[in-house]
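These are the structures, in structure tokens.
One chain, subunit A, appears in both complexes that follow, with subunit B as partner in the first and subunit C in the second.
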Partner chain A sequence: MKVNRSKGYARVDGLLLPSIVIVALITQIPILVTLGLSVVRWIVVRPDLRVSFVGISNYIQLFTTPSFLGIIVNTVVMTLASITVCTLFGLIISLTLNRQFPGVNIARIILIAPFFVMDAVAGIVWKTLMLHPSFGINSVIANLFGVTPVDFLGHYPMFTVVMLVVWQWTPFFVLILLAGLQSIPEEILESARLDGAGWLRTILRIKIPAIANHIEVAVMTGLIFILKVFGLIYVTTAGGPGTASTNLPFIVFRTGFYRWDVGRAAAMAVITVVLTLIFLNLLFTLVRRKSRELEA
Partner chain B sequence: MCKRFISVMASTAICIAGFCAGGPLTIATVNNADMVTMQKYSSEFTAKTGIRLNFVVLPENELRQKVTEDVGLSAGRYDIVTIGDYDIPIWAANRWVSSLEPLFKALSPAEARAYDRADLLGPVRSALSYKHEQYALPFYGESSMLFYRKDLFAAAGLKMPPNPTWYQVYDFARRLNQPTRGQYGIALRGLPGWGQNMSVFCSMINTFGGRWFDMNWRPQFKTPDMRTAWEFYKKIITEAGEPGATTAGYTECLALTSAGKAAMWYDATVSAGALQGVDSKVRGRIGYALAPTVKKSNAGWIWAWSLAIESSSRNKEAAFKFLCWATSKEYINLIGNRVGWAQVPPGTRISTYTNPKYKAVADFAPLTLSSIRNSNYNAPCVEPVPYKGVQYVGIPEFQGLGEEVGQQLAAYLAGQESVDAALSACQEAALRVAKEGGYLK
Partner chain C sequence: MTDARGGRTIRALRSTRAWKRTVGVLVALPIWAFCLAYCFPILYMFMTSFKTEADAVPPRLFFVPTLANYATVLSGGILPYLYNSLIITLAAMALSLLLGLPAAYVIVFGKLKHPDSVYFWFLSTTLMPAVSVIIPVFMVFRGLGALDSRWGMILVYMGANIPIVVWMVRSFLKDIPIELLEAAEIDGATRLSAFFRIILPLARGGIISTALLVFIFIWNEFFFAVNLTYVHAGTMPVFMASYMTQEGLFWAKLSAISTLTVLPPLILGWISQKALVRGMMMGAVKG
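Coming up: the complex of A and B.
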């Protein structure tokens, strides 16, 4: 029986069509609506001003506002710092947990737990019970040593937000990297040992190259989620003081729901999406290149 | 087939009839203690009138967002909305809420007498009106006042005047500030937000002689009075206030004061009930004074959580019945008798403050009443201004502008920005609002 390959593909495409339509409707319509809203002037609380087409003036206004450019820098710094530290800590912790010792399962559960705490809850607990200079453990420790408690959220807002993101997201990296480490065949590690490779050499030359794909997945997924961190910022620093810890998702929220400026909020959202795609592509290219180098 | 068609038609007809006749009233409300109590006792209203109620209870910020979305996008999900006096003139101008005047006129003489509209406190009623028409009824109202620890003042040989100046307050705060013993001179909100640090700081700006805009809507952030207010706010907090002030909002300041960690606290009059509550460590040791002043003698703010009817509501008459019940003397008596007189919604009716049962449990009642009566919603500043509102500027753009200025104030307080840089940023933001909003003349 002859198989018509082209017809076969056509049939497969036909079968895929409903899924493609549903995915397109779900994902593309909001993007198109956001794009459409980004070229209008619409302030919900001023219906007397009417909705009007303003072309790209929302974008021009944003890119000529120094504070908005500062917020883009904040977003980049916050994301890169968090991803770097999460990857480093994730690797160290997963290497530590990838062995048998008494209570290993309990240790794994405890270390992974922060990932399952909701953003708002984690933020409030850290802000009030841990870092607050009057009520928190911060105050208790400072009093113990007779020093003034550090006002983390007021004086080091960016550092504190990155610290909280790292606290919450490192377990995610640990989960993925640990899965990668556990999938390395024991024979390879055994061969490395027989060849006289020490623990550091085994990690650098065998384990890390072997889990390169897992690192890639963790970094990519982490990037997508960490770029849109909102809850932690909302409940801890509210983006401040000033705009010191404001990132793009938070300014979109503030512009949309405090200023009710739908046009500018939509323009910011479009910029956020574009930046995310640029970041992902850059990172993807970089990781691919590194992987090829390691494979070679 | 015919049978099925008839049953489908009948169900549709029943649904349409139900919809037109008006189902339960949907009420969007805030999750504070007084509103939760109202929800709890709303079955009394249903039993009396047969009108069913469906509550949507949300935190304050979320409530404002949801309700603004609802009216701004004409979704018409709610019949009754809980909004503050900041929102009323704006929403009335946008025709998002209905005037209550026609509904008041339709009341029978007996109903009007029972409700006794003249009993509502004048400043609160004025704040809930637009072009001489009332658009909302006050559920509870508040002003601001200074709370101080009588025991600490007595031990230090200090005497709080009934109407202190901010400079006297600063002096007291410096003397009573003992951070090593966990006691701060004063608690003041520093958490950025138009409903947080800006509530307190706006009233300070006014009394220091500052204003947001002049009569031509030119921003006034670069005036000496405004600068003095900013510098004073930072000075009093850094020298005698709570540490980590940029994370201290209303809740944190209340916690500090009720835990006995603050010698003074300037905030909402409604907090007096909490400070005298059973959980408070400072119960019975709190004294009260009017909002501190500098150049303007009446510096206290005015705020009222109120109930209004959405213009799109199909059940306006039923909604008005609920509004009247929830803000009536009858409701206050119900809560007083069932829950306790200290828990009745304050700041709305004159009769509450003449009620001996309330006066017996609320030693703060006379000062709350004077604070509300003393506040000047229509002329909040020393110099004339084109806007109304004490702790806010009564324009729709203030939510965004207030947030921006609040953040600049926090950045200045945290030492991340100089006063000049912060004031310039505020001037720029205010100018943008004045231009884009079409206010600037």
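Coming up: the complex of A and C.
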């Protein structure tokens, strides 16, 4: 007896509606509104300037402002640098942890902790307890070597933000990549061993290609989230000094909720979306080309 | 084992448990040291939370641990924020599951024309940065009186996390053979009872882990919380940020608050990490 699926299950399809409605209301429709606001001049704190349609002049103004171009560069540099370092560290650490030793499970559990610590706390702890030039671990170490402590947030704000992002996200990369390494069938490694492949060769030629899928997922997730970094910057450098460590999400926040320049902030948000899409597109193209090479 | 090269004694020695354990520990020590060093900021925060302010700044290595900070902190302004965090997180998590679970069920077992398109639509919404929606959401919320309200935050977090529920749960449901459902159907079970009697028990582990992850995401969320709440519906991240600016010099108390704030997601994260990996990889591979 064959069950008639079309009759049986069609009736429950309506269950999809509520979630689609809520998700569309919160994420999709606002994006369209943002797009609309980006071609408007609307500064909430200046009622004398009336709300008016200005076409693409918000965009033109942004792209001719050097500090805004610098912010785009900051965003790109922050994202690419963090992801590169996370991938590298993630690979090294997961390869190291992918073995049996006493307490291996506890070591793995400890290492994952920073990923679950919220941005606000990670930023505050690093800013005060760790990097503070007078009372942080920073000063303790500097005193140990008899040198003046470095003012990380003041002098190397971008480096500091990238360092914190890397600290938070490397454990995530380790988590994903380690799962990949553990899923490599033992026979493959065994045959490599029988072929006399050295450890480096085994890693480069067998292990890394075998976890390409995992690397991809880690990089893509990392990309999406690191482009959005906000809390860390908010509690540590506040985007400063000047706009030295400001990224796109942070400048949207500043422009929208400090200067109340709705049109300009919306244009910035649209640029952020476009940048995200460009990044994802590049990544997909790269992945597709790679997999085509592998198939060939 | 390439024991053949070694002499008899060495071979005997090597095969003993004690030797193996020694080698194991020697390999483990640097790895252990690294893991501890990596998490030092968290451990140090934990430690500082038991110091007096005088022991915290400048830092002293030796100190008499005290619970005073926790007593002070918990009798201060933290409680409403902690309460908000709990209520908003639990409600948004439960509602995201309530709506997201059936959605994933329909995508996997329903009779949609293009189930994958629906799935990818959900997935694509998670790619978009929060800044792209914040201004309209803020304005609409102001109009509706939803600014700085718990229900407003719950709604926002539902919109952000239903896609994650769909994404994760779909990967767990895909493991369940449709024949099971069909067999239940033949036995006269309705769709609804099949969902409760077959799907839910089989995917229970995955669903619980998804719930824990969503809990962590909402608990830790900063951007919406900072922009849409002030004093009435402020969550822990908002409290952290304001405490930092107002009383940032009291490091011991700051550490106590931080410890209280990170403990729930840390514990839940440790429980759910395996499912996180699995859900993500399945979502990608079976996509």
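Throughout what follows, the second predicted complex is superposed on the first by the 263 of 296 C-alpha atoms of A that agree within 3 Å, B and C clash if a C-alpha of one lies under 4 Å from a C-alpha of the other, contacts with A are read in each partner's own complex, and residues count from 1 in each chain.
Here is the rule we go by: a residue touches a chain if its C-beta (ideal position, glycine included) is under 8 Å from a C-beta of that chain, and two chains touch if they have at least 3 such contacts.
All of these numbers come straight from a predicted model, not from anything done at the bench.
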Touched partner set for A:T87, first subunit B, second subunit C, both or neither: neither
First, second, both or neither for A:L16, with subunit B first and subunit C second: second
Touching partner for A:L25 - first (subunit B), second (subunit C), both, neither: second
Partner chain in contact with A:F135 - subunit B first, subunit C second, else both or neither: both
Which of subunit B and subunit C A:A107 touches, first, second, both or neither: second
Subunit B versus subunit C as contact partner of A:G154, first or second or both or neither: first
Touching partner for A:F257 - first (subunit B), second (subunit C), both, neither: both
Partner chain(s) touched by A:N247 [first = subunit B, second = subunit C, both, neither]: neither
Partner chain(s) touched by A:I124 [first = subunit B, second = subunit C, both, neither]: second
More subunit A residues in contact [subunit B versus subunit C]: C
Common interface residues of subunit A - those touching subunit B in one complex and subunit C in the other: 128, 134-135, 139, 257
Interfacial residue positions of subunit A with respect to subunit C in the complex: 1, 3, 5-6, 8-13, 15-16, 18-20, 22-23, 25-31, 33-34, 37, 93, 96-97, 99-104, 107, 109-122, 124-126, 128-130, 134-137, 139-140, 167, 171, 175-176, 179-180, 213-214, 216-217, 220-221, 224, 227-228, 230-231, 234-235, 248-249, 252-253, 256-257, 262, 265-266, 268-270, 272-273, 276, 280
Subunit A-facing residues of subunit B, complex: 65, 68-69, 72-73, 90, 93-94, 179-180, 182, 184, 191-194, 242-248, 252, 255-256, 261, 396-397, 399-400, 403, 407-408, 410-411, 413-417, 422, 425, 437-438
Subunit A residues within the subunit B interface of the complex: 43-49, 67, 127-128, 132-135, 139, 143, 146, 148-149, 151, 153-155, 236-244, 254-255, 257-261
Contact set on subunit C toward subunit A in their complex: 21, 24-25, 27-28, 31-32, 34-36, 38-42, 44-45, 48, 57-59, 99-100, 102-103, 105-107, 109-112, 118, 122, 125-138, 140, 155-156, 158-160, 162-163, 166, 182, 185-186, 191-192, 195, 216, 219-220, 222-223, 226-227, 236-237, 240-241, 244, 248, 251, 254-255, 258, 261-262, 265-266, 268-270, 273, 276-278, 280-281, 284-285
